[in-house]
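The structures considered in this document are given below.
Next come two complexes, and both contain subunit A; in the first it sits with subunit B, in the second with subunit C.
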Partner chain A sequence: MERRKASKLVRREKLTALAFVTPLIVGFVVFTLVCMVISFAYSFTNYNPIRGSMDFDGFKRYTELFTHPTYKKAFLDSILNTLFLLLATPLCLTVSILIAALMNNKKFRGKTVFRVIIYLPAVTSVVAVNFIWRYMFEENYGLINTFFHAHIPWLTDNTLIKVAMIIKNVWGGIGTQVILFMAGMQNISEEFYEAAELDGAGPVYKFFRITLPLVTPVLFYSIITSLIGGFQIFADVELFAGGQYGSRTIVHFIRNYGIGQNLYGLASAASFLLAAVIMIITALQFRFNKWVNYTD
Partner chain B sequence: MKTGTKIAGITLSLMLGMAAFAGCGGGRGSASVEPFVNDYDPNREYNIDFLGWGDAKEQEIYKRIINDFMAIHPNIHVSYDASSAGEYLTKLTGEIADLPDVFYLPDTEFLQWVDGGHLLNLIGENGVDEEKLKNVWDNAVNEYFYNPETFQLGRSEGAGMFALPKDQGPFTLAYNIDLVNQRIAANRLEDDEEVKALFSHQPVTWTVFRNAMKKLLQGAPSNMYGVPYYELEHAVYSNNAEFFNEDATVSRLTSPAMVDAVQFIGDLCTDGITPKTGLAMNGDGADNMFFQGNALMTFVGPWDFATIWDLDNFHCDLLPVPYGPGPDRQYNTADDGKSTAFIGSMGYCVAYKTKERGTSGASLMLAEYLCMNENAQRKFYSFGQCVPNLKDMAYNEYVPDSLGILADEGHTDPAHRDIFIEIVDGFKDENDKIGGKPRILYQTYFSTWRTNLEDAINQSKLYTGEQTAQQVLAAHEPSFQASLDEMSGMLRK
Partner chain C sequence: MEKTLVRKPHKKPSAIIALVVTYAVMILLAITMVFPYLYMALTTFKPMSETVSAGFKLFPRVWTAESYKEVWELVPFGRGILNTMAVEIPVILVGSFTSALGAFAFAKMRLPCARVLLLVLMSGMMVPFAALFLPQYRIYSSMKLTNNLLPLILPGLFGNISMVFFLIQFMGGIPNALFEAAKIDGCGYFKSFVYIMLPLLWPALAAQGVFWFLGIWNDYFAPSIYLTKPEAMTLQPLINRLNATQGGRDFPLVMTGAFLSSIPLIAVYLVFQKYFMSALSITSGIK
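Moving on to the complex of A and B:
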């Protein structure tokens, strides 16, 4: 009798849980899974809604990305640009960990104020941020060049535009990362530090031997999400870089050459290659995650 | 079953499914030149959708004009929707299965949309009022003709008319009068013949343009330029050059006139008249440079004056674009270029589906009203949105501001509005020195070729003088020709 009651309770709990997750599952299926399947199917066609064409072309769209004289250079350069821009991820994470460690120090004063200041970029409009940074990097009257009395073509040089984007993205990403790392650091038991101090450990030793190893789960999460986000940069290219050649990323290629020209087959093929790369990199990260310390 | 085999199985199933799906849905529509059949019945109520774009101000004026239309035709209810310019085509394409009755279409998209069979031919016994159309700019009207048999754009035997012109956007040079006067005074150029010629509002040669600009910029701050960038089409068109042959199948990139046009743009950079960004600096960057007084002139369309009037911090007037020596590379010969600006245009299209809906007649009435109604056109030009579509209104009312509409609003700039009109009116005879042509993308299926060409020029060392235009264009020509082949294959498939 007791067992039957318990199983009824379990079933009811399961149903309640299902009711909570159903909207998410429906949303995922309708707006993500179905779209992915359709898009995957498009990638094997010459689908163009305006022409009304949808002929099965096998892997032609995939090979065109690397061989077609019209798209090859733009696609390959967009890959290189995207990879270059991914440098923002290690830089952002390194700076964030250091700031978080500094702010986590008991002697650090004004923690709350700094936390708000550092988190501000994360809650500021992406459009506003991009326009302000664009103004700062402007060659002729931008704040940076004016301050240094220089004429550095940040926004027009193919390499410098990427450097400018990395600087902007490091600044923009720090807020969220610092909060995550601080949360991770606050979960580290004080006993570790006290024991280390008794053994005569200094702040640097404590950081590398205690703090860093114990925030690796947060670091692992941050690396994965930052890299996935980094591969999908688009808004910066349009809003900050104004579509400058050196800034064009894979997603920009998909938008401009694919959707912008109604070449949905080509756009879908590029999207799937990008998705595949992201999945492989993420899988590799999970495969080689022995450096992540999950012990308490 | 192993995971790998499962994935392969799913992939194969999807591909096979797609093959079947593609087999069912393949093929494309094609333009129909069947004569327009007017299904309008004054005793019936109509609900028609109209999709456009524009900022809040433009949307407001459209709402007012549409209300005027509905007051005249109380049985036609127009539902007006608009998006931002940047999102418009995505929105329109998203509605492709059920297009609005009337919608904007930029001339640069016209070929693909008309070839896809989405637009209704407006010519027929009870179709567009061709008598009234005679008062609309010929170039604007001709632009929206297309013959699906010969794939020929423009008026020709057997062609249909698939849109009515929304407006004509002559894109020419505007200069900051106050800044130019300062430079003239600073360099004591009051009596300089080349400077006087440049601001005479008559076309000058490229040589005069470069020399006058160099003189004006002497001693100027290092962040001041003559022009933020130079429009590629203006250089090409004004040198009697061509990007490709008549049916856009064969590249003309390395023809002498084309090479010289691109070299002219490179020379402007090496002279310091334009920044080293070359063609890459356009849009907001160029506008800001001009509005902030860091450039003597820039390229503008009529719509830019709404901003200039709002800023109200300098006086501004128009100039015709300079011209090159033409294919023989010598001035004062028969093939000299003529001052030719590009004219941006958009059409009011009626969806082919209105035939099924029974709303084609009412839709055409709305399109005609917006395109040709006097009151509507007057409101559009007073708003600073465009030059009038109606020739008599443009010449007799807009240019002299005979009704004082612009003066009353304090919108006296540009004083030489006639330059806009001369561009839109095209070359009337051999002696006509100022004219305009549609944007080059009007002639092609996609814009990738144009993006790639500008990228190739911008990525080269043309702007520093380390490479010549001949070298840059020759290196890019195979890729350019491949793009033309691809587009030609699509059109003729």
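Moving on to the complex of A and C:
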């Protein structure tokens, strides 16, 4: 009798627990799983809601992305642009790790003030950050060209636009990264540094032999999240670059050909390739975790 | 004077140089960070003619508040803030509740297949929005839900998996004995969640909520897809419309829009900055 009562209670607990996670499951199924399946299905068709076509076409959309005379250039260029823009990640992380190491100096006063200032771009509205920088990079009246008495076509040249976007994104990304690195550095035991000092180690040696290896968990987290974010740049293209050709990213391609031109099959195929790349990066995170130093 | 005697008597010159370099670099960096804001704020008070003449002037020669008047005339700015809040409030309140309730089942209850379930839910985070929005757009537009805030609100109500994951870890630090005692007293699971767990969860919820709030405020992609009428727009796409007037040449106007759209966030940030900093390191899992 007792056991039956107990098992009944356990069953009730399990059912209640399931009820509690139901919203999460429903959200996942409706907004992720189902949409992903539909999107995948689109990519094998010529779905166009305006023409009303939806015929099965096999892998034709995927091959079109790389061979079709009209779409090939736009697609391949959007990939190259996206990869070019990813250069912001190593730049931003290098600068951030150096700044964090400088700020980690115990004698350095005013850490709080500097942290608050550095983090400002991260709490500024996306549109605002893009507009400020667009104005500063403006060719004729922008601050940067006026200051250097130059006429550099930052916003109209296909390469310079990407350089400008990278500068903007490094500026905007430093805050978050510095705070993460500082948090990581504060976890490093003071003993390591004291021991190194006894052996006569200088600041450069200490940075490369103690600080850098021991912040690899943070570094790894930052690389992965920055790359995942970098592959999905979209707002910058519209807000900063005004859709300029040299700035167009993969997500812009997907949006442009999907919602813009109603070529849902083609856009879905591109979106699936992007999703695959992002999933591979995330999977790498688990695979290469060993490479990272964990002290505890 | 006495204080200096207590400190180490010999300061290495290299340490002093390092400190000087640190201050120099940090001050330079701080200027780089703040300057664009200063420039933006000052530009909002310039007449347009001043911004399209040669030479660099930081301060306006003639101070004017014309742009502020223009922003309110050109776009329904107040409506934009209301629309943004109409997304923020239900999503954060309901979404945090469903996230916490789900996390409670994972952390403190016998949930069947908990590990697999969590892994499946978390794998959903890997899927970029770009691979989901085309069908979503088709479905919403067939339901005549474009220019409506529902497409932006609905997904959030079902919780946020990264928040769930974080809350599960946080709940791990809360003793099970609390809930066992409640169980013996005949307290149901939902009741013990609401009366015991939730009050203990506030710091964690606030840390996550802060960033969720920021994320929604700054969201541009989804609103730009679903909202095409100015009255229906949230703040970010609405401000973007200012760029379209005068071909983006009315710099004071554009800067005023940018300035106004960032003021609320910056104000919240400066008041709660301590909170942001700790939340940032907690959220990333680096204490």
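Definition applied: the second predicted complex is superposed on the first by the 258 of 296 C-alpha atoms of A that agree within 3 Å, B and C clash if a C-alpha of one lies under 4 Å from a C-alpha of the other, contacts with A are read in each partner's own complex, and residues count from 1 in each chain.
Quick note on the criterion: contacts are C-beta pairs under 8 Å (C-beta built on N, C-alpha and C of every residue); 3 or more make two chains touch, one makes a residue touch a chain.
Note that the structure is predicted; figures quoted are calculated from it, not measured.
On the superposed subunit A, the positions of subunit B and subunit C overlap enough to count as a clash. Contacts of A:Ile259 after superposition: both subunit B and subunit C are touched. When subunit B and subunit C are set side by side, the one touching more residues of subunit A is C. Of the two partner chains placed by superposition, only subunit B is touched by A:Arg51; subunit C is not. Look at A:Gly242: by the touch rule set out above, it reaches both subunit B and subunit C.
In the superposition on chain A, A:Thr216 makes contact with neither subunit B nor subunit C. Contact with subunit C, but none with subunit B, is seen for A:Ile278 once the two complexes are overlaid on the shared chain.
When both complexes are overlaid on chain A, the residue A:Thr70 reaches subunit B alone and has no touch with subunit C.
Only one of the subunit B stretches 1-9, 19-27, 37-45 or 91-99 carries C-alpha atoms that clash with subunit C in the superposed arrangement, namely 91-99. Overlap of the subunit B and subunit C interfaces on subunit A comprises residues 49, 140-141, 242, 259.
Those residues of subunit B lying in contact with subunit A across their complex are 14-15, 17-19, 21-23, 25-29, 89-90, 93, 96, 112-113, 115-118, 222-223, 275-277, 280-281, 283-285, 289, 292, 294, 446-449, 451-452, 455, 458-459, 478-479, 482-483, 486, 490. Of all residues in subunit A, only 37, 40-41, 44-45, 48-56, 58, 68-71, 73-74, 139-141, 151, 153, 156, 158, 242, 244-245, 256-257, 259-263 touch subunit B in the complex they form. Taken in their complex, subunit C has these residues touching subunit A: 14-15, 18-19, 21-23, 25-26, 29-30, 32-34, 36-37, 39-40, 43, 51-56, 98-99, 101-102, 104-106, 109-112, 117, 120-121, 124, 126-138, 154-155, 157-159, 161, 164, 189-190, 193, 214, 217-218, 220-221, 224-225, 235-236, 239-240, 243, 248, 251, 254-255, 257-259, 261-262, 265-266, 268-270, 273, 276-277, 280-281, 284-287.
Across the complex, subunit A meets subunit C through its residues 10, 13-14, 16-18, 20-21, 23-28, 30-36, 38-39, 42, 49, 99, 102-103, 105, 107-108, 110, 114-129, 131-136, 138, 140-141, 143, 146-147, 171, 174-176, 179-180, 183-184, 187, 202-203, 217-218, 221, 228, 231-232, 234-235, 238-239, 242, 250-251, 254-255, 258-259, 264, 267-268, 271-272, 274-275, 278-279, 282.
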